[in-house]
Amino acid sequence: MLKDITLGQFFPGHSALHRMDPRTKLILTVVYIVALFVAQNWISYLVMLVFLLTCIRISSIPPKSIVRGMKPLVFILVFTGILNLFYTDGGEELVRFGSLAITTQGVKRALFMIWRILMLISGTFLLTYTTSPISLTDGLESLLNPLKRLHVPVHELAMMMSIALRFIPTLIEETDKIMNAQKARGADFETGSILQRAKALVPILVPLFISAFRRADELATAMECRCYQGGEGRTKMKLLRFTRIDLVAFGVCSCLVAAVSVLAAFGL
Amino acid sequence: MENLISAEHLAFRYPGVDGTPDVPVFENLNLSIQEGSFVAILGTNGCGKSTLAKHFNAILLPTGGKMYVCGIDTSQIERLMAVRRNVGMVFQNPDNQIVANVVEEDVAFGPENLGIASPEIRRRVDMALKQVGMYEYREHAPHLLSGGQKQRIAIAGVIAMEPKCIVLDEPTAMLDPQGRKDVIDTVKKLNKDKGITVVLITHHMDEAAQADRVVVLNKGTVAADGTPREVFSQVKLLHGIGLAAPQGVELCWALNQQGYQLPLTTLEPEECAQALYDWIKA
Amino acid sequence: MEPILQVKNLSYVYSAGTPFEHKALDAVNFTLHRGEFIGVIGHTGSGKSTLMQQLNGLLKPTSGQVLLNGVDIWSDKQTTRQARFQVGLVFQYPEYQLFEETVYKDIAFGPKNMGLDEREVDRRVREAAGFVGITDRQLQASPFDLSGGQKRRVAIAGVIAMEPELLILDEPTAGLDPVGRAEILGNIESYRKAKNATVMMVSHSMEDVARMTDRLLVLYGSRLIMDAPPAEVFAHAGELVNMGLDIPKVTQIFLDLKEMGLDVENVYTLEQAVRQLLRLKEGKGRA
């Protein structure tokens, strides 16, 4: 299960999506999410879906990876679906359980909700899969730069984020090792009440935290040895530059938003 | 040749924690490293070799005496960056030195900190990766590489800053034999081909044997200092410290305990075989 | 010698059915007997770690069986759980798994999980601490106040305290200096002798395995390709080198001597080398 956590993972590549400026991708992800919420009905949803699938195709990311990343979220999806299923009024009643009823409206809303969440998550995955964490944080840092004037530590926050993302796979590997070591001494993480299972996590969390602190300390020393002094005077190897691909992307997304808004206005 | 690094009457003690007494490591250590040399600092755990290494780029400052790096007194805090530009450091744990999620971005970290222009950083990164033999991996994720490959990335990250000296603090302790060989071969090549001064902290005899000069530390003092042959022939001294000589030397030494006079300088198996052959046939 | 562990046709495939599918172990067969000291050598990626985790039930074979005292460890849940205690596995850098407030409590973790009563737990903790040279004073200290080498010994004690019949250690001397290595290996040997336990040690140090083991298992490319005493294994020096493995330096020296025409037998420890050379020299001298 731990290996299924593809959060923050980056799949290197040379597709158009990979080559886009990270700022473009960040801005357009927000635009995409807005469009998702503007979309009202079947046709606008279909338009969004076609757009999403085209993007996935262009990115050359194996669809399996996107599906795999959804696994931890199945619970939320089902929960949301059920909520919407039972607590929506309107339309024909299909089934009744005492005071709770499933209506056609309910089914439709549940479906759309799940569909929307799936598309939202896929879109975000596309962002993180095609943008290396350093590019992401460079893009964020660049976009948030104006905030520096308000004394917001933009560079430091960006650096924190990028290091956190870089260490996720390493810490996952370490958690796996610690779990195996404790299992080899008879630790049991599967049986027992919630309280027992929570207590059983102590032999994993304590070594993991201690290890994380140790890593942080060693990493900080290594960074200082490489003359890190914060954001002042720092340059970048990869300069962010808007190119034709970005212009095209902005163009396409503008059309998308326009299309979806128009469709929404007509209730489609 | 210039003295690149110079410890003069170096004294250092770790401050005691919670009322326990300070732990002295050095009282009066004198040691110089010549520019362009490949020096191994050998010793068991607790002899002070890592502590000494950390003085070379001012991670630690002396509590007594002086530490000079490229002529700069390391206690001059305002010149810290100048010291660290010239002496880079590679640590034991391959993972805890890597900052970025893509190999070439990590190698670029140092030059970026130095405020170097973007195209020049690109040039340095490419050259550094080629020098350590990891250029084809430049777009890979570091966490998927082997330990030896990660250490070579760390080395590339240091040489991209074009320092005069690299200090490696037990860089192979967590690696398998293949990884160890790759790392030592890499630093040897950097020393021979590029003239970069290399200081290798280790407790592996066979690694120290590849240096030009071996300094043996014991409880904070220099117990031996010379070429590998000179140092490893002092078998009794090494045993007293808790170290062993390369097996070839140990073999000749064991035979000498029976009254023979075999040379104690045969570091490589072929040399030892030759010496034994001559001895048998004599 | 009675067999205590039998591995029959064991195969293991990671991520079966995905693009990352990888056969880590391929039809491995071997038997371990009580009191034996077995070494496991092989290049990185040859399947050593996977094999270790098969033997104590952490991983389930894709095909084949692991029999502990004649019983398949996967025959039922109870048996699998018991296997964890009968086969003690010490991972690499085990000092990173310590978590309790005191050394005593950490060593007691295993025995407690076995459901033993307080008195038995106490006896085992103290005995295990004794094997690795941890003093009573250190038992009351926090594990995080100890040195790296001491922490490692505490971790090993934590496994020994379960009194496993088979003790498996994955590179127990990794990262230690010569003094530390000798200490750990000595501790392992005293446990083995005292309990007549079977010990299995994965190592990259050919000198260590040559000196200490009765038998060597050589893994290469997920297969077990050699299962023989060290003398026999190191006689195939050329093949070992081709597999990316080292041979003890003395073995190399003697191979060179053989090539130079001297009449010598294969050796793999310093003591054997000295004995042979002295016999050769003195033999000549007398003639």
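For clarity, chains are labelled A, B and C in written order, and residue numbers in each chain start from 1.
Here is the rule we use: a residue touches a chain if its C-beta (ideal position, glycine included) is under 8 Å from a C-beta of that chain, and two chains touch if they have at least 3 such contacts.
The model shown is predicted, which means the values in this text are computed figures rather than measured ones.
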Shared chain contacts [subunit B and subunit C, defined touch]: A
Most heavily contacting chain pair (counted by C-beta pairs in contact): A-B
Where subunit B and subunit C are represented by their mean Cα positions, the distance between them in whole Å: 30
Rounded Å distance, subunit A centre to subunit B centre (Cα mean): 42
Multi-chain contact residues (two or more partners), subunit C: none
Touch list for subunit A against partner subunit C, complex: 174, 177-178, 180-188, 202-203, 206-207, 210-211
Subunit A contact footprint on subunit B (complex, rising order): 57, 59, 81, 84-85, 88-89, 91, 93, 95-102, 104-105, 108-118, 121-122, 125, 139-141, 143, 157-158, 161
For the subunit C and subunit A complex, residues of the former touching the latter: 53, 56, 58, 81, 84-85, 88-89, 91, 94, 96-99, 109-110, 113-114, 144, 158-159, 162
Residues of subunit A defined as touching subunit B within the complex: 10, 12, 132-134, 162-163, 165-166, 169-170, 173, 214-215, 218-219, 221-229, 233-239
Partner subunit B, residues of subunit C touching it in the complex: 43-44, 93, 147-149, 174-180, 204, 207, 244, 246, 248-250, 252-254, 256-257, 260, 262, 270, 273-274, 277-278, 280-281, 284
